[in-house]
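Presented sequentially are two complexes of chain A, the first with chain B as partner and the second with chain C.
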Partner chain A sequence: MKSRRTHVMNPRRTRYLAVPAAILAAAAALSACSSSAFAGGGQATFTAIDETTPITVGAPMNPFNATNNTFPGYDIENLGWTANDPANSNQTLPGLAQTWTLSPDGTTLTVHLQPKAGWSNGKPVTASDVRVSAAIWFTQSYVQAYNLGSVKVINAKTVQFTQIPGSSNNQFESGILQNPVVPASEYGKLLPASIWSIIAASQGTGKAAAAATTQLTTIGKKVTEFAPKTDISAGPFAIARINSGEAELVKNKYFYAASNIRPSEVLMLHYSGNQQIWSYMQAGRLDAAPYTSMPTNVLNQVVAAGNTKVVAPSLVAVALAFDQKVYPYGIPAVRQALAYVINRQAVQRVGEAVSGIPSKTTTGVVSSALSDYLSPGQVSGLNMYPTDPAKATALLKSAHFTQKGGQWYLPNGKPWTITLSNVSGFSDWVAGSSVIKSELTSFGIPTSVKLAPDYATYLTNLYKGSYPVAFWLIALGPGAYSTFSRIYGTYDGYVPSGARLNRYPTGNAAADNFLNTPNSVSVPGLGTVSPGQLTNQLTSVNLSGSGGIAQQNAIMAKLIRATNYTVPVIQLWDYINVQFVNSKRFTHWPIGNNALLNASPGVWMTYGYVHPK
Partner chain B sequence: MTAIIPLLPEEAGAATAPVRRRRRGRWRLLLRTPGRVFGFAVIALFTLMAIIGPYLYPRNLPIDPSAIYAGPSLAHPLGTDFEGTDVLALIVTGARYVLLSAVIAAAVTIAIGTAAGLASGYYRGLADSSIMRVTDFVLTIPGFPLLIVLSTVWDFGSPYSMGLVLGIVGWGGLARAVRSQTLSLRERSFLEAARGLGLPGRHIIWREILPNVAPYIAMNLLLSITGAIYAEVGLFFLGVVPFNTSNWGVMLNIAVFSAGAVTSPQALTYLLSPLICILLLTLAIVLLLNAVDEWFNPRLREI
Partner chain C sequence: MRLARRLGIKLAAGLVMIWLVASGTFFLVRLMPGNPVTVAYENDLMHGMNPNQAKAATALLYGFVPRQPLPVQYGRYLWQLAHFNLGRSISYEGVPVSHIVAAAAPWTVIMVLSGILVSFLIGVSAGVLAAIRRSTKFGDLLSVSGSLLHGIPQFVIAILLAYAFTTIWAIFPFGAPYDVTIAPGWNLPFIWSLITHAFLPVVAYALSSYGGWLLTMKSSVISVLGDDFILAAELRGLRPLTVARYIARNAMLPLFTILALSIGFMFGGSIFIEEIYDYPGLGYSLLESIGKRDYPLMTGTFLIITTAVIFANILADLLYGVIDPRVRRI
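Then we have the complex of A and B:
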C-alpha cells in the first residue's frame, strides 16, 4: 500500500536519517555513468540530499524497487502530494493530476491530468500511462487497502478510478492520488495483456483469488527488478548522470510547470548517515536538507554555518509498545504504572531534543491534534500520567507485585526485569531508551536495552512476538484511520476483508500482530468499547457527507480515551518536522506553507518557489 | 614410602634465596626503562580500575538531561555524555568489561592455540592432519565479519561470552606458529634423548617443549589482549552488540554518529576519553612486551 508506505516513510525518514544507511548503502558507478564527478557549479545548480534516496550504486532508476535511485518530486511525479492536513487527510496538492472530482458517495474518482504534462523524452503524459501505473500499484500492493477496483480511461487526459462494488473507503481519494506515474512505454511491457483480468480475479474470494494474488506478486517482483536504461521523467527534472557520490538531474523542458522551475539542474549528494549530512550543512554545501536527527550542539553549528531551521508540523509520535500476550504486560495496572515512572520530558530532551516535544500524555494521537477530536473539557479529563513513582508503586501493589530491597517482584515471586528492544543506529530511539532504562532501573525494575542490527531485522523479530517491550511509531497522520491503525490495525492483528474484520494472532502472515490488545476494554465513563472495531469503522465514515466529520471525531474521542486509560503504548515524544534551507545561493522558500514543506524541494519548485539569487 | 626430612631454618632460607633473586630480577626487568615503568603503571591502573571501579559508583549511573555534553568541570572532569552522565564514571565502570573480556579472549586463544599447536607438531600423522585442517578452517573464517553475524544471535552482554567467542575465533594463527616451532624442536637432540628414555609424550610436550615455546606464547598472550580490545570495541562501535552506555565502544559510536564529536568541540571529551584509554592500554601492553621478551630470553638482558 503506497499510502501506508508513504505514512511509514515519514517516520522512516525520521528514523532513517537517524540510521547510518542500514537500509540503503554503498556506492559504485552505474554502467552508463561517467567516472568523473559532475561539475555542477553553475549559479542555478541546486544541491540537496533526498530523504529517501541516499544514492545506492547499482540500484535501478525505478521507484518501485525498495532500494532505488529515483527522487520523488524531482524525477518522480505523483498524481498529487499529500498536504499532511490533520483535519482532512484527503487534502492533496495537485501533481500530474490538475484537478479531480470525487463522486458524492466517495467511490469514484475522476482525475484530469495536467494538459501540458510531458515525459522528458518529449512524449505527452496520457491517461494510458496512468492506467499502466495503476496496474503496477496493484502489483506492489499500494492500493488494495483503499479498495481500488477498476481504472477506466475516459480520454487522453482523463482517467477514472472506482472502488470495489460495495465498499466505501474514505481514504480512497488520497490513497490513489499519492502514487507515482511511470511511462507506459517503459513499464507496460512488464505487464501481461491479461493484467486487469488478474487484478479482477484477485478481488474475488477462494482459490482463484489466491492464485491471482500470487500472480500479481510474481509480476510485482518483475516490476521491482526492472532497471530502465534512461530516466524518463514526468517530473521537473530527469537524471542525466549518476555515480557513487552524486546524481545530476537536468531540467525536464516538457514538464507541465517548466516555467516555474528556476534551477537549471539539481545535484543530489550521496550520504551514509547523519554525520555526513551534518558535515555537508556545516560546509554550506546543501541548499536544502530534509529532517535530520541531530543533537543541540550540532544544530548550533549547522545554524552558525548559515543554514536556516524551518519547522513544520509532523504527525508522528514515538511510543513504547507492549506485547500484551507476554506476562505481565497484559495487566493494565502494569502499563499504567510504567507510564507514571517514565519521565517523558527527560526522555525527549535526551532522545530528540531538536525535533521533538514531549507528548502531553499518552493517547495515540500527537498532542497538537488532540483538539481536533476532543473538546477542551475532554482534553483536561485525560490522565496526563505525570512522573509519579508513588502512584506507580500503588498501582503495582494493587496488582500484587512486591518490592524487596529496592527490586520489584512479579506476583509469581520472580524478579521483574525488562528488556527494551530498539534498533542499532536509530540514535534518537537509542538515547531515549537509555533514559528509560535508567529511570526503570532506579525505580527497581532492572532494565537493559537490546539493539537489533537493522530495522528490517527489528520488524521481523517484532512481528514474530520476540519483543515484549519495544519502540514503535504511532499516530501516523494525516487521517483518523491511519493514526489509530498503528495501534489497533494490522499490528494488533486486525485485517478488514470486505465488510468483515478479521483478527489474526501473532505469527500469522496475514497480519503483523505484536500488540495483542484485548478485543474489548472497559473504560470508566465510556463503558466497554472494541478499539479494533472502532478503528475499522473510521475507514467507512463518509467524510464528504453531512455529519461525517462529527461521526469520525466521536469515534476518535472514544479511541483516545480508551487508549489513554488502557495504555497499550506509552507515548514518549511527538516529532516536529525540522528542515534546513541555505539562502546563500537560492531564495524564496515556502516557509510557513506546511503543506508544501511536507513535500520535497522539487515540489516547492513546481509551485514557483526556490529562485536563484 | 618416601621419608620427608624437614629442612633446617638456614637450609630453608638458602632454598628461597634464588626465588627471591628471580623475583627481584623480574622487577628489575619491569623497571629498567621508563617506557616499561609507564606500561606497567598504566596496566596496573586499568586493572585496578576494572577491579574496584564499579564499586566506586552506583550501579545505575545517574543521568542529568539538563547537562547534556557538558564540558569538563570539577564535578565532571571529563565532561558528560548524551544523557548528562559523568564521562569519567563511564570510563571507570566500563573498564571491567573491556579488560575482562580481553583477558578471557587472550586466555582462550592461548589455551586452544597452544594445545593444538603442540599436539599437532609433536604427534604429527593423523592428529596433525586433523588438527591442522580444523586450524585452516578457523583461519579461513573472516573473524570480524563472523563476529558481526554472531552478534545477531549471540548475547554479548557478558564479558565472558564476548571473551569466549573472541578467543574461539582467534586461535588459528597461534596454533600454526606453535606447531612450526614444535616441529623444529622435536628433532632436537634433547627431545630425542627424552624419547629414548621412554618418557611419555605428555611429559615431553609439557615439560620439554612448552618451556621452549613459552616466550613466543607469552608475547602472543599480550598481543591477543590488544587484538581482543580492538575487536570488542570495534563491535560495540559498529553498534551490533548490546547497548551499554559505559562501554567504551558504545561511547565512541555515540560520540561519532550521534553527538557530532568529530566536528563539535562540545562533545570532544566524550569522544577522546575512551579513545585515549584504548590507546594508552594498547601502548602499555606493547611497552611491556619488551620486558616479557627479556624475561624469557636472558641473552637479551646482556645486550
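Then we have the complex of A and C:
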C-alpha cells in the first residue's frame, strides 16, 4: 500500500511542481527581456533612479510642480548646473547657457545660449523661451530672493537679466542660471499678456505691489497645475512613455550636445526609499544609483553584485543642536564639555558607516571645506575636541557642576539627565544617538533617546522649543551664507528685512527659531562677535568683484572660530556623496570630477561621459 | 419592492457612515503636528537638493495650504464632497485629488480583488479537503499550513517574498504596475507584464489570508457534516453531488460574511504591501500623503478606501440574502 501510494504520488507531485516552475521560468524570461539593458540593434538603455524627483503616481510632467514627473539633466535642461563649490555657490557648469558674463558690479547677467540647442519637437531653443521661463520663475517665487528685476531679449540666442535697481545680491548669478527653461509654445499660453507689467508692479511698494504679488501667485498656481500631454524637452532625452512606476526616455536628436549622448534611451525607475535602491542594485538593474545611505553589510552585498562605489564630497553634516534657552545648555562650558565626552569616530562608525566621515572638529562647516575658508595655520589653531573625559570633568566643575557616585549634578543640586530627540525611521541618526546615549550615560549623565513618529512631528516640536538637545542638519552648501544660515539664520530667529536684520524669539511664526544663541559672543583672540550679523553680511559680499572672495572668507573665518569655541552645535559626522555605478553595461564614468558627480547622470552624458560597452 | 426598500436603507446608512468617516478624518488629520511646506523643504534637503533648490521647489507650496478657520474649511470640504470634488492636493500643488486617486486606485483594486479571489478559491478548496480528509496526514498538513500562514503577519510574508524573488533571485519585477516599454492595451506582452508585476503582491495577499479561509471553511464543513439534514439526505439516497452542494452552500455562509469583512482588511493591508513592493496604488499614496502632511490627499484617499469597504459590505449584505433565504424572511 505504502509503495503504491508513493508510486502514484510522485508523478503528480512532479506535475504540481511543473506549473509554478513554468510560471517562474516564463516570468524570469519575460522580466529579463523587459529589463534588458540593450534594445535591438545594439541600442543601449541606461537604467537609473532620480532621487530628487521620484516618479509619482498622478504627477504632471511639469518641472514647476513640487511633485512632478520630470528628470533634471535628462528631459529638463537648466541654463546651468551647480558646480557645488563650497566657497562660491555661483560656480556653475554650462547647460543651455553656453557662456555668460556678469557685470563688475554683479547686477547684470548676459547669457549666450547654446547655438545648436533645440527642443525635442525640432524647434530651436530661443531667447524668447528663456524670457517666458523667467516670467514663470517669478510666478513660482524662484527669483525674487535674488532681486531679479527685468529680462531683456538681446537677440535670438542672447538674454540679459538685470537686478532691481539699487540692489546687489551676491547669489544673483547662480540664482538665475540654475533654473529650468521650458518651451514658450507650451507654457506661454499660461501667462497673461500683461505678465511683465504685473512683475514690475510686484517689485514696487504699497497696495499695488501686494495686489500684483497676489496676481503672480494665482498665475503660479495655474502653472503648477498644468499637465502637458507630451514632454517637449531641451535636454538630452524626452519622456516617451511613463506609468506610475517607470519612465522611458528617448534621445532628443535636437539636443545641443546630441553627439555626446551615447545611450539611446533611459529607463527611469521609481523608488520610495533606500531599501528599493538596495534591491535594484543587488539585482544588478541599475547602471547608476543616486546617493544612498546604507549599513556596511548592505554595502558588501551591493559591491558583490558588481556595483562600484563612487565618492564625492557632500556639503552637509549632522550635529547635536542645543536650545540655549533651556538650562544648562546656555552655558558654553557645558556644551564644550559634552563635545569632549562624545567620541565622534564611534558615533559615525555606528551611525553612518558608509556615507559619512567623522567631523574633524565642530565648526559649522564640513571638514573638507575648511581649507576653502581658512589657512592651514588657522585650521591647526582650531580646537579639535578629542574625546577627553578629564577635560570635560574640569569644564563642568568650573561651571559648578558636581559629581557624586558617578552621577553628575547641576549647580542647583538636581541630577543632570539628557533626553536626545530624534526621528523614527532615520536609521543613521537613531543608531548614532544610541552611541551618544551610551557614552553620556557612562560619563555620569543618564541619557535617553526620544523618537518623534515622523519628521513632520519632529520639526514642529523642534520649532516649538520642545527639544533641548536634538539632531540637526548643518553646513548645507554650496555657498557661505547657506552654510551658516542653518545655525545663525532663520533657525536662530534671524530674518533679514531689507537692510535690517530682525530677530524673533522661539515660537514666533516669522522664524523657526529653536537655537537661541546669544546676540554676541566673546571668543579668545577674536573679541566679541555677533554671529547672526556676520552670517547676514555674507549675503551682501560682492563675489564677482575683486577681493570679494577674500572678504567672504574673512567673515567665514570669524564664524568658524566663534562656532568652534562656543559650540552651539556638536558636529558629529560629515556626509559624503556615495553613489554607485555598474560597469557591466556602461563605462566612462566621471569619477574624480566632483562638480559633475553632484549633477545627474544626464548631465554626465552631456559632458561626454557614460559609454555603452 | 422589499429589496428596493432594504437597498435604500442600507445606502442611507452607508452615506451616514461615509459622512461620519469623512468628518472624523477631516479633523483627525488636521490634528497631526507638522507643516506641509517645512516637511517638503527639509525632505528636499535630505534628498540632496541644495538650500536654494529646495527653497525654489517649495516656494509656492504656501499658497496651497488652507488658511481659513477650521469650521470654514470643513464646510467647504463637505460642499465639495457633495459635488464629488475631493479638493486639490497640497504636495502636488493644485492637482485635483480625484485625478491622483483615479491614477492610483486601479492598481490597488486589481491587487486586492485578485488577492481575495486567489486566496478565497485556494483557501476554501483546501478547507473542504482538510475537512473531508481530516483524519489523514494530508488533512493535517493542510490544517498546519493554514495555521502557520495565518499566524504570520502580512508584511512579514511580503518582505520575505520581496527579498527572495526581487533581490536574491531577481525573477519578478517590482516598482511599477507594468513594463513602461510595452504599449498598454489588449496585447499579450502587456497583460503578461501586468501579471508579472502584480504577481508577488497578489501572492503576498493570498498567502496571508489563505490560512483564515482554510481554517474557517474546514470548521464550517465539519459542523455542517454533522447536521441532521445531511444524514437525512444521505439516508434518502440523494446523489453525492447533491449532498456536496448542500454542504457547500451551508458551509459557505459564515465565509461570505468574512469575505465582506476581508475587503476592508485587504484594503488596509495595501498600505504595507504597496510600500514593500513600491506598487503605486492607493495605500502607497495614502502613506506618502501622511508623510507630506497633504491633508486633502490624505482625506481623499482614506475616504475612497472607506467608501469601497462600506459599499462592499452593503453588497455582501444584499447578496447574503440571495444565498441564504432565511435572511430574506426576517
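In the analysis below, the second predicted complex is superposed on the first by the 522 of 613 C-alpha atoms of A that agree within 3 Å, B and C clash if a C-alpha of one lies under 4 Å from a C-alpha of the other, contacts with A are read in each partner's own complex, and residues count from 1 in each chain.
What we mean here is this: contacts are C-beta pairs under 8 Å (C-beta built on N, C-alpha and C of every residue); 3 or more make two chains touch, one makes a residue touch a chain.
Being a predicted model, the structure only gives us computed values, none of them experimental.
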{"item": "Clash-or-fit label for the pair chain B, chain C on chain A", "value": "fit"}
{"item": "Partner chain in contact with A:P60 - chain B first, chain C second, else both or neither", "value": "second"}
{"item": "Touching partner for A:L315 - first (chain B), second (chain C), both, neither", "value": "second"}
{"item": "Which superposed partner A:T457 touches (first chain B, second chain C, both, neither)", "value": "both"}
{"item": "Contacts of A:T217 with chain B and chain C, given as first, second, both or neither", "value": "second"}
{"item": "Chain B versus chain C, judged by how many residues of chain A each one touches", "value": "C"}
{"item": "First, second, both or neither for A:P183, with chain B first and chain C second", "value": "neither"}
{"item": "First (chain B), second (chain C), both or neither touched by A:G493", "value": "neither"}
{"item": "First (chain B), second (chain C), both or neither touched by A:P236", "value": "neither"}
{"item": "First (chain B), second (chain C), both or neither touched by A:N422", "value": "first"}
{"item": "Touched partner set for A:L267, first chain B, second chain C, both or neither", "value": "second"}
{"item": "Nearest-approach distance, in Å, of chain C Cα atoms to those of chain B in the combined model", "value": "6"}
{"item": "Shared chain A surface residues [contacts with chain B and with chain C]", "value": "278-279, 282, 457"}
{"item": "Residues of chain A that touch chain B when the two form their complex", "value": "20, 273-275, 278-279, 282, 294-298, 301, 345-346, 349-350, 353, 422, 424-425, 427, 430-431, 433-435, 438, 441-442, 448-451, 453, 457"}
{"item": "Residue ranges of chain B touching chain A (in the complex, touch as defined)", "value": "59-63, 65-66, 68-69, 82-84, 148, 151-152, 157, 239-245, 254, 256-260, 262-264, 266-267"}
{"item": "Contacting residues of chain C [partner chain A, same complex]", "value": "32-35, 38-40, 42-53, 55-61, 63-64, 88-89, 91-95, 99-104, 107, 162-163, 166-168, 170-184, 189, 192-193, 196, 199, 275, 278-281, 284-285, 288, 290-291, 293"}
{"item": "Chain C contact footprint on chain A (complex, rising order)", "value": "24, 26-28, 30-31, 34-35, 51-52, 56-60, 64-67, 82, 84, 89, 139-142, 145, 171, 174-175, 178-179, 217, 220-221, 224-225, 227, 241-248, 267, 269-272, 276, 278-280, 282-285, 290-291, 315-316, 454-457, 459-461, 463, 473, 476-479, 482, 485, 512, 577"}
